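Paired with subunit B in one complex and with subunit C in the other, subunit A is shared by the two complexes that follow.
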Partner chain A sequence: MESHLISNGIVLVMLFGTAATIWAVRRSRLWSSAFVSLWHRRRLALLVTAVYVGVALLDSVAWVGGDSLGGDTVSLHEARSVIDRVFGGSQEKSYSAPLATTEFYGGRGLRYPGGHWLGTDMIGRDVFYLTLKGARVALLIGGLTSLIAIPLALLFGISAGYFGGRIDDVVFFLMTTLASMPGLLLLIALIMVMGKSTLAVCVALAVTGWVGFCRVSRGETLKLRELEFVSAARALGVSEFQILTRHILPNLMHLVIITFVLMFSGLVLSEAILSWLGIGVDGSWGQMIDQARNELSRDPIVWWNIAASGAALFGLILAVNFVGDALRDVLDPRTVKDEK
Partner chain B sequence: MTTPLLRVQGLRTWFPIKAGVFRKTVGHVQAVTDVDLEIEAGSTLALVGESGCGKTTVGRSILGLTPSQSGRVEFEGADLRGLSQTAWRPYRRDLQIIFQDPMASLDPRMRVRDSVAEGMRSFGLGRDESERTERVQQLFERVQLDPDHIWRYPHEFSGGQRQRICIARALAVEPKLIVCDEAVSALDVSIQAQILNLLADLQSELGLAYLFITHDLGVVRYLADRVAVMYLGQIVESGPTASIFANPLHPYTRGLLKAVPSIDPHRRGGAPPVEGDVPSPSAPPSGCYFHTRCSDVMEQCRTQAPAVYGEGPQRARCFLADPSGAPR
Partner chain C sequence: MGAYVIRRLGYGAIVVFGVLFLLFILFFTVTSPDDIARKALGERVPPAVVEQWKINHGYDKPLFPAPGQWADNMLVEHYRRMLTFDFGRSDADDTPILERIRKGMGPSLALTIPLFVLSLLVAIPLALLVAFFRETYIDRAGVILAVLAMSVSVLLYIIGAQYLVGKVLHWFPISGFDSNPQVVVRFLALPIMIGVANGLGGDIRFYRTVFLEESNTDYVRTARAKGCGEVRIMSRHVFRNSLIPLLTRIVVAIPFLFTGSLLLESFFGIPGLGAITVDAIQGNDFSVLRTMVYIGSLLFVVGQILTDLSYALVDPRVRLE
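What follows is the complex of A and B.
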């Protein structure tokens, strides 16, 4: 199947998933009250995050055909996303400053004078367009990696904490072994082995990133296992599997959500560092920053490339961290208890 | 004599102390050592003792929630000790437990209706969910809670109300025996009385038997038919409530009874009845476990462990209760 169709399908599944989650949250008063108070606390951060997600989704829905904006015939036969169709295609020959009417070097006239809000890069691509495209890459890295790392960490953490004994020994050995290796070296080694692709970067980040949450979920499970409602369930003849799914897992969910949000911003930053080392994902903000390194030493300085990608990265991470911080307050069982 | 509802014989629950790289067992915390108990159907046995003496472990071991090493736990003649979870299942309906901490004994993320219905769901009682909901409402009425509140979460209830919910959860599977593990210790005195009255009403109505684990002798006198006094993992004295309160045989029981606060000013003051701290259960003293703190200690107490003496219903693990040759 063509990759843009898969991407469209995933967007569709995600929209359905979001709808189902909203429906489930609305049914549970505990969760819906938490999200209402989150909205009251961090309205701006939530809206900013939503803008990023919206851009990434618009960049994920693609189809073949339609008008050729840049007048080049190849793009007519390529799948282009909504973002490509609206913002793409305004190709220049070289650098131009934001909203300039002439090229940065030489002063020749532009094809779209004043049409580049954030200027163009070395090969004349619109920086605003590239920055928008970076949102999808950032969310893909954060989302896909969390999707691999968190279930892995939960599985290992819960089984180690709940069953203890040999399983705990094995999991703990794995965790300490991974934790004792320098994270960056392991990342580089894994990417070298698997080859440089988006999936490889995500898997490598997940392998190095699951240990922290595994330790948290193991500890929390150890605590929950000894609580009396678990003993009561056992005394009522509830099976171990049902105790895990009905009691342990729901009581870990708030940690899962907090970890997801906080891990997410960390992963986007990690990718920027990997890009800087030259093993990042194509089209990411990190790569834009990496490419802009030499531009900073030019005189007059070419600043818009690094400013745009840096600000986009900064904005996303700040917003997500604000949301994560508020989530921690809102979902903490101790604060939930006090609410009526 | 008919077989009692529950007969515990020689129950031993020791927790291994592991040390070193290879987790070698270097000793045991002797939480429960050779405990014998009997509970008749529809009666209440109180298990008393200071904190750390192993009362709770006895309760949990009887229910198989904490694995025990040896002994017999006979319920209606069948030995339950050491059974697997699957083999235990048929008996789970008959034996239930209510815990001390009403905050921790209900799942905070579960509506109380689901918590109460959990046992019914597990045993397939009731035709469908709506029938179980109806039954939960009846149970709420039975424990004097508002049946409209079944869809609330535990944090919306007070401690006393939560303890009522726990009682409802235990009652939902129609048990014959309920282990009440310090069930009222965490509550206000006025609420304690309400819960105790509720438990007494339920007993006379449904013919329940209780194993009431507590350190509160006032509660014991109010509720219990028989008393067993525990010290350092052993039962040191047992017998009918009235005779133990009137004529305690073991020096430890006497000390406990003296320690009950009194409103009579003439009975206040004086030296504390039992001095010192409880010895470590991982290295209990030689001879009689109580000899390090006993006010009536004799020479033989330091070296020889006393057997259980006494005729009739009241028995004590003390040389003073030995009718054949008490030295004084």
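What follows is the complex of A and C.
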């Protein structure tokens, strides 16, 4: 199993990507002023989002070896992330309340009295640890899905808008057909036929999610195609491919950013629903909520599991929603209408 | 008008054909009939049993048309069954699917119609109010509350309200259903309230945007300039002219009332179509799932046609030709 190496590689690529983006943003007046005004409007939301991303990155860097705190030898031979190492081996046997010194039922002593800030779940795992690990899953769902859906939507949207004719007819038919299938039902059908896995969930979310952005980028391309600078480029003999990459695509970038942020929260919330239906991604907050739903009917009730995962989910979605709103105001003065 | 309706219906039919093709790809090629049989029977059954199961459930034909067999294959069979509403039997428990759908529709409608009407009655006046106080603290607080409400997962609404109202306050039963209308009100009250609360944030934000866009138009300024009161402007000018974008959202939602709400129904034990779908997911019941997606899509296409026709009713500028 070399999956931790892939994960490390992705972290590295992301860090390089971030550095390249910062460099590009600083060079462009438009983007740097947009960022500055976003920072002034939504400082807190940006910081909260950054914390989630930071936790997710810490959970993505993993390596084999080092000492095992709990003293179990199995974990010595598997890759563990930074987060795993911080919480290494803090395993109990059953429920315990936040900061408790004894087990919740029965009152036996804990191995780490007072060490579980948010308590432990049914099989004694630290809830704070699980909640932190959920950040990586949530960002993976949002990120991977957008990585599939947005290029797909751009490809279809731009070619339909720019070339028109038959291509437009085909793309338009494809969009209408997919848009005519109720989102949640199509999502379920896709995951059921592909089998339950993280990739299947992301592909299914992408298939149901790309249509909205495809429609936006097609419309915008239709508008751009008629503008003077595109006509000028065509008159000067610039190739079609260069017109698309140099003149059309950069003018769609602000829509890409806005769509990415606005889509993100919807994707994470959809995954929570899928988890509840039993076809979500392992380790997500949705799954924690699903596992905790019967805990409220216990007596005395176990509330920390659902409170922790629910609050973590709410915090991320809220921060991203606020950033998305402000981003839309900053980047698109005409304000794209709600796509609902 | 007549020609337009016919053309619109024609395009709807093409879309339904596309939907059916996509369903065929998903449910017959991505997951083959053999996979479905093995999921229903278990992995370790002899091939003869799998073949017999496929014959019993009507999966025993070649998938695609071949020379000499243009009519006798799964693709043609799939279109024929779906278009004639001959949905066959469930892959999991052999019950006739059409029968189940007929039974499930009533409970679904009992939940979704009051939910739909109540949502409109709550969200539109609130959005009008927020838009009326635009650029004041009421407006800003309204928008922030709407974003807060939108950021809560529907699961938390359901679990939280079920706990608070059902368990702590004991106002309503936690879950269940009854065919007696007087009893069922008590079962439905809580899911309906949760459904309204869950959609409220997004609805208010959407309607507010629509109303604000309309209040920035020239004729609204003219009305204000000639001394029209703000209340009158909101109700007579802004609201009536916002009907087109409102209809797009509202009429499209009507057909979905039949398919019910997946989450609310299964959480509150309401035996509607949403609960049937959730059972189908848990039981790997592909034929039921396929049928539900098809019915949902069919209703959506109908909804879109209704929307286009309703434009003509509210806006004399829209001519159907």
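Everything below uses one rule, namely that the second predicted complex is superposed on the first by the 330 of 340 C-alpha atoms of A that agree within 3 Å, B and C clash if a C-alpha of one lies under 4 Å from a C-alpha of the other, contacts with A are read in each partner's own complex, and residues count from 1 in each chain.
As a working rule, a residue touches a chain if its C-beta (ideal position, glycine included) is under 8 Å from a C-beta of that chain, and two chains touch if they have at least 3 such contacts.
Small disclaimer: the values here were computed from a predicted structure and weren't measured.
With subunit A as the common reference, subunit B sits beside subunit C without any clash. Touch criterion met: A:236 reaches subunit B, while subunit C stays clear of it.
Once the two structures are overlaid, the count of subunit A residues touched is higher for C than for its counterpart among subunit B and subunit C. After superposing the two complexes on chain A, the angle subtended at the C-alpha centre of subunit A by the centres of subunit B and subunit C comes to 80 degrees, rounded to the nearest 10.
In the superposition on chain A, no contact is made by A:3 with either subunit B or subunit C.
Nowhere in the superposition do the C-alpha atoms of subunit B and subunit C come closer than 7 Å.
Residue overlap on subunit A between the subunit B contacts of one complex and the subunit C contacts of the other covers 337, 340. Against subunit A, the residues of subunit B that register as touching in their complex are 60, 63, 65, 85, 88-89, 92-93, 95-97, 99-101, 104-110, 115, 118-119, 122-123, 153, 155-156, 166, 169, 173. Here subunit C touches subunit A in the complex through residues 14-16, 18-19, 22-23, 26-27, 30-31, 147-148, 150-156, 159, 162-163, 167, 202, 205-206, 209, 213, 249, 256, 259, 262-263, 277-278, 281-282, 284, 286, 289-290, 292-293, 296-297, 300-301, 304, going by the rule given at the top. Residues of subunit A that touch subunit C in their complex: 173-174, 176-178, 180-182, 184-186, 188-190, 192-194, 265, 269, 272-273, 276-279, 286, 289-290, 293, 296-297, 306, 310, 313-314, 317-318, 321-322, 325, 335, 337-338, 340.
Contact residues of subunit A toward subunit B in the complex are 29-30, 227-229, 231-240, 242, 246-247, 250-251, 253, 333, 336-337, 339-340.
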